[in-house]
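See structure below.
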Amino acid sequence: MSLLEISDYRLAFDGFDGTAAVLDGIDLAVEAGDTLGIVGETGCGKSVLARSLLQLNPVPPARVVSGRILFEGQDLLRLPEAGMRRLRGRRIAMIFQDPASYLNPLLAIGTQLVDVIRGQDSAAGGVVRPRRAARALAAELLAAVGLAEPERLLDSHPHQLSGGMRQRVLIAMALAGEPRLLVADEPTTALDVTVQAQVLALISRLVADRGLTLILISHDLGVIAQSCARVAVMYAGTVVEEAPTAELLARPLHPYAQGLLAAVPDLDRPEHRPSGIPGSIPNLLRPPGGCRFHPRCPRATAECAATKPLLRELAPAHRVACHHAAP
Amino acid sequence: MSHTSRRAVLLGAGALAALPASGWSFERDGNRKVLVFAGNQGVPVLDPHVRYDWSTRMIQQSVYDGLLKYVGAPPRIIPWLAERYEESADGLTYTFHLVGNAKFHNGDPLDAEAVRFSFERGLKLNAGIAWMLKDFLKPENIVAVDPRTVRFTLDRPFAPFISYVPWWYIVNPKQVAANTVDGDNGRRWLTENAAGSGPFKLRRFDGNTLIHLDTVPDYWKGWPMGEANRLSGVIYRLLREAAPRRAALQRREIDFGTNFSPDDLEQMARLPGVAIENHAGFTTFGIKFNCQQGPTADINLRKAIAHAFDYESLITIHNGGARLMDSPFPTGMAGHVSVPDMPRKDLEKARVFLARSRVPNGDIELEYVHVQGLEDARRIGLALLDSLRALNIRVNIVGQPWTTMVARGSKPDTAPNMTSVYVTPVGTDPDTVAYQYHRDSWGLYYGMSHYENPEVWAMIAEARGMVDQTRRMAIYAEVQRRIVADQPELFGMIANRTWARRDYVKDFEFSPIRFTGEVDLYPLWIQG
Amino acid sequence: MITYLLRRAGLAALMLFGLICLTFIIANVAPSDPAALAAGPDAGRSQIEQARREYGLDRPLHEQFLRYVTDLTRGDFGRSVANGRPVGQDLARYFPATLELCLLAMALGVLAGVPLGMLSAVFKDRWIDHATRILAVSGIALPPFWFGLLLQLGFATALGWLPTSGRLSVFTEPAAPITGLLLVDSLLRGNGALFTEALSYIILPAIVLSLPCLASILRVNRSEMVEALRADYITAARANGVLRRRLIAVHALKNAMLPTLAIIGLRWGWMMSSTVLVETVFDWPGIGLYAVSSAISGDFKPVMGVTLIVGLNFMIANLVVDLLYGTLDPRLRDA
Amino acid sequence: MASRSLRLAGFLFRRSFASMLGLTLVTLIVALALLGPWIVPYPDDVAGATNLAGKLQPPSAAHWFGTDEVGNDILTRVIIGARLSLLVGLGITLAAAAIGVPLGILAGTAGGRLREAIMRVTDLFLSVPGLVLAIALVAALGPGIANAMLALVLVWWPGYVRLAESKALSIREEPFIEAARVAGAGRLRILWRHVLPNSISPLIVKMSMDIGQAILAVASLGFLGLGAKPPTPEWGAMISIARGYLPDWWWYAICPGAFIYASVLGFNLLGDGLRDILDPRSNRG
């Protein structure tokens, strides 16, 4: 059994203008120890998917239409909030995009960490450790993410920290409950390029050292290529291709994935200008029928508009949802 | 702090809910009782030579004594600190002989010097009561002949002299001297303290909330109800609004209350254990016309209004508890005559007068000013407005603070067309009322009409200096007729004086000379 | 921070002077004659003139103003023409009652408003949210004088559970004040009976006075809580397993409390002004009642004094809020 | 797009129970005020007719809310009172806005000393205890609706200066203003074309709430005996008189109070609802 198994997961957002089919039949499996990257343009639903794992999408407007998300054999979609609370942080933890806004501006770093630690204790149902003990652990965690002078840091407030430090604090928080699965939602997007690399390296090291399973979400294939063994490409609420990273980079099969790769500037060959994909992402209130990519697809046919392509395994561990894709 | 059955009940809210208005009793202090009296007006200044109004004088009368005292209905003047007095034949010299045993609360004897000092102080401060005597009496003409005799020599005869003497309270000169700051003659100190000899002494004084008086056990005059029944004291409680005052009486939180509306009294009369005091009053209500300026300077318009007004409404507003005035003088005042042909509602006549006036078709607006917050005056304004619609005259009803009203009334140019004024004569002498129609009263609140009739003025001036009472009264009879003929005001009514009390309060003694609401606390006691 | 405070204090002083000018102008546009009030009802003309001289009302206006301002700097608010007492003395006498009433009302407002606001935000768009919302708007819409009368009618007259008006039973002679606040004094002296009694008198007016303030606090707190609960840092804390009650009561509330604090400061200023109505209804011997009865009788020095005290109180409240902001928000603390 | 946002506004508004309640109440009060003279049972009773024989009668078929102390029909007076209250509420709000908004925009766009001066004066008036000042002013000028309104406008306008100033300040930084300035548009034109329209939403919200508060404030002055002159039917003054007739004639106080409550509640709920749609970010209590 996989650590995480998502099948036929459909999520809709109800609004004044109608219902947006934000996630449309997601099928994904993550084995323990796996590192999976999810890539796609802004608005393709990758963050919504990531938040689904912790049931953080606000209800309403979010509404589960169908599907299952099995984590360690438990269906998260049917788990009551109380059960979910026991999972958050302890089994599945998450780090976020913009560390400035994901840290409480008014609380000291220490307080935030201690609250996380004690929250975990309480969720575990055991003894909640006293504040002092929690604080000691917090300092350890800060040290573990490579922050100097953790004791002093505990008493400082987020605005006194640099972006990279804040992201490290967030990572420390995520580690507090010794989770099995770490979901990182664009963890480096808001950071400087140099800091980005450091943070990514830190994540990779932690994953390796602690035997974590990682789901890394990014719009940047380069970031994923650095840290993930496998990658899934999302387009407009569907997974269009899933493959080992090297395989996908070498041989993308879905026209969208191909377009995405072409959009990456190749520093080695400056004359090769990124081509991009014509058209824009569809309005999910009235998504195109059949394959959601067909209005922008150079290879679209009548079939594409009529029937939705399912993920087919075209090569070992390489699955594509396209009528026309061939190995 | 005293142990009180009432407070215990008050705090035990549950017990209270179970026992609505039963098991409550007057306050006890030891085995004596405290009477609680509630009124709507504070006592800003207690100094007897600086200020008086009904609530103030009620407390002053309790803590101070005068040479003489008004009692009963009709009001009589009885000896008090002075056991007797003599008046010289020329009406200039008055000699008072003091009782021998009167003493101030601090034990000092009350002697002739104290009396002289007090009158001198009253005249010198030139406030409050000073107006009564200051034109006829100079401080140096008051002489303490011996410790028990004081002699007053007036500048010229002044017939009302004795009628004002009861309001001149005697203060302890030693205490005043001890508390004089910056030569203020003890004024600051006496505002909230007392230096008197009266039946009560001050225990607690907050003129805006509550005044607690204790009875003086060895009051020099003794206690009429007997030592056994003497109260422990009286609390004057300020309850500005009628509804809480009424609720308090119902719940026996207070034993005596004043300033209830006629409608309230009617309802309260039905409550068990509540007794209503309802007595013919002495306070006239009139609507003063501005006789010098504006449309009302026209006597025909004044007459038209006087004949258009629905006088019955005055009675209805008081639920029957009022009499219409039949003279500018209140009934019961010496010299009062019932003037024939007092205007009463007669629209025919009113229209005839209107036709003779400068505004034969009406179509004007007249201002009617009353003291802000006086509910009866406001309602009378509404009745006036309704009445004058028949003459096509509009009425603008304006409530103004006392100070504004007085300021406006001080000059004919600014005096309103019509001003509603209540007047309580301070003494029983007819001059008290008559002089309000004299030129000298122009601009004072009772002189807002700026009434002009030199013949009448001369008669009034002459009468106040006359010694022959029969001739005097004849002049006053003529004065009353002349004033009615000139119609400087719409003569209204005299409302009854009313109080509500618990029925266990005994020996209330009514005297119309007191102000509306004012009660003589001295004879009161609680039975049971 | 220090310079900022000095600047603020300077501005406050300037505004206080403006307030003095304003009240002085208003008091003197009146066509009334304070000397007539000072002299008493039956006073003759010479007595009125004497009173006018005594109170300096015969001086030219600019001279009166100068004297008023110089007196104020010595803490002298002038004399009331109604009773000749120094207004400062009366203010000192009545202010504690108002302060006690406002403090209790504010405590009620905060203690009820903040939790209700939280509750409303947590259960946003559910029935409990709708109910608290109507309650909140009602708190602002209910005429305090009318609501006070209704409460009197119900709890005092009909049920007889509580006294109708006043601050203490007439038979209770309070000992010399320590703080002037009866509830506090009675506790300091360990006098439980007095405490219960004082409480029974203060509770109705305090409830009436607290309503608008409760409503404001509730509204601001609710919307700020809604905002805070939507914030990223709450999502992150939630994702990391911070306890729900800690999340709401500390993480979100602390952020919501800053704007709530601002409204509390603002409301404190308004409350001192609206005690006028509540004190009138409940015969509460505070500065509001003092101001109204003085204004109605045309005695303006007390009204000016009360206006100054209330204005000063408002400025101080604003200053305190600023300071609190500085200490509570670490971003401002460092700035 | 405009029609869509309009539809969205309508959708949000209809979804909110409180907003709909507010709209209903306001509509009812406005309708009563407009139709008052034609629907009241005793139109004479507001002009000063007295009927002392029929005073203080309890509610009955002839007088749904009973009669008052001079025998006037309370329902009639309360309904006609709605006109006065609405007019006064509207008048105070409009006057305050008419003074405050131009000053605020001026302060926000002019900057410098002028802004400093305007804002300091505004702060001064904001720190004035409103009701106490109004009481003092009315006591000085004499009671009457006009003076009560004057007093309330005096304490009401600063709020609008604050609002307009902050809007103008925030808009001043917007690129399109920069563009307009570069394009040579005069200051007045910029004010008129850009700043004002952008301040409209919060302004509408504030005014809608202020009408309610102004009605309440006038009633408060009326209650203290500083409002309308008799026989003008004014809710607060009615309660003030009715207070003397508690508890036996309780209906006298209940009815006008309920109307004040309903109308202030209505305008506040309406304003609240409008704010949720027009100006969702602000949340002044």
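Every chain is named by a letter (A, B, C and D) in the order it is written, and numbering of its residues begins at 1.
Please note the rule applied: a residue touches a chain if its C-beta (ideal position, glycine included) is under 8 Å from a C-beta of that chain, and two chains touch if they have at least 3 such contacts.
The shown structure was predicted, so the numbers you read here are calculated from the model rather than taken from an experiment.
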Quiz item: If you take the mean of the Cα atoms for each chain, which one ends up farthest from subunit C?
Solution: A
Exercise. Could you name the chain whose Cα mean is nearest to the mean of all protein Cα atoms here?
Key: C
Quiz item: When the C-alpha atoms of subunit B and subunit C are each averaged to a single point, how far apart are the two points in Å?
Solution: 38
Quiz item: From the C-alpha centre of subunit B to that of subunit D, how far is it in Å?
Solution: 44
Quiz item: Using CA atom averages as chain centres, what separation in Å is found between subunit A and subunit C?
Solution: 53
Quiz item: Centre to centre, by mean C-alpha position, how many angstrom separate subunit A and subunit B?
Solution: 90
Quiz item: Which parts of subunit C, given as residue numbers and ranges, touch two or more other chains?
Solution: 30-32, 152, 157, 280, 295-296, 298
Quiz item: Mind pulling the subunit D residues that touch 2 or more other chains?
Solution: 139, 142, 225, 243, 246-247
Quiz item: Mind pulling up the subunit C residues that touch subunit D in the complex?
Solution: 11, 14-15, 18-19, 22-23, 26-27, 29-32, 130, 133-134, 137-138, 140-147, 149-150, 152-153, 157-158, 215-217, 219-220, 223-224, 259, 263, 266-267, 269-270, 272-274, 276-277, 280, 288, 291-292, 295-296, 298, 300, 303-304, 306-307, 310-311, 314-315, 318
Self-check item: Interfacial residue positions of subunit A with respect to subunit C in the complex
Solution: 54, 56, 58, 85, 88-90, 93-94, 96, 98, 101-108, 112, 115-116, 118-120, 122-123, 157, 159-160, 170, 173-174, 176-177
Quiz prompt | Sites on subunit B touched by subunit C in the complex | solution = 1-2, 4, 6-7, 10-11, 13, 16-17, 20-21, 27, 34, 36, 42, 44-45, 50-53, 126-128, 130-131, 187-188, 191-192, 204, 206-210, 212, 235, 237-241, 243-244, 247-248, 251, 253, 372-373, 400-404, 406-408, 410, 414, 426, 443-445
Quiz item: For subunit D, which residues count as touching subunit B in their complex?
Solution: 48-50, 52-53, 55-56, 69-70, 139, 142-144, 225, 229-231, 241, 243-249
Quiz prompt | subunit C to subunit B touching residues, read off their complex | solution = 30-34, 36-37, 39-47, 50-51, 80, 82-85, 93-94, 152, 156-157, 159-167, 169-173, 193, 196-197, 200, 280-281, 283, 285, 289-290, 293, 295-299
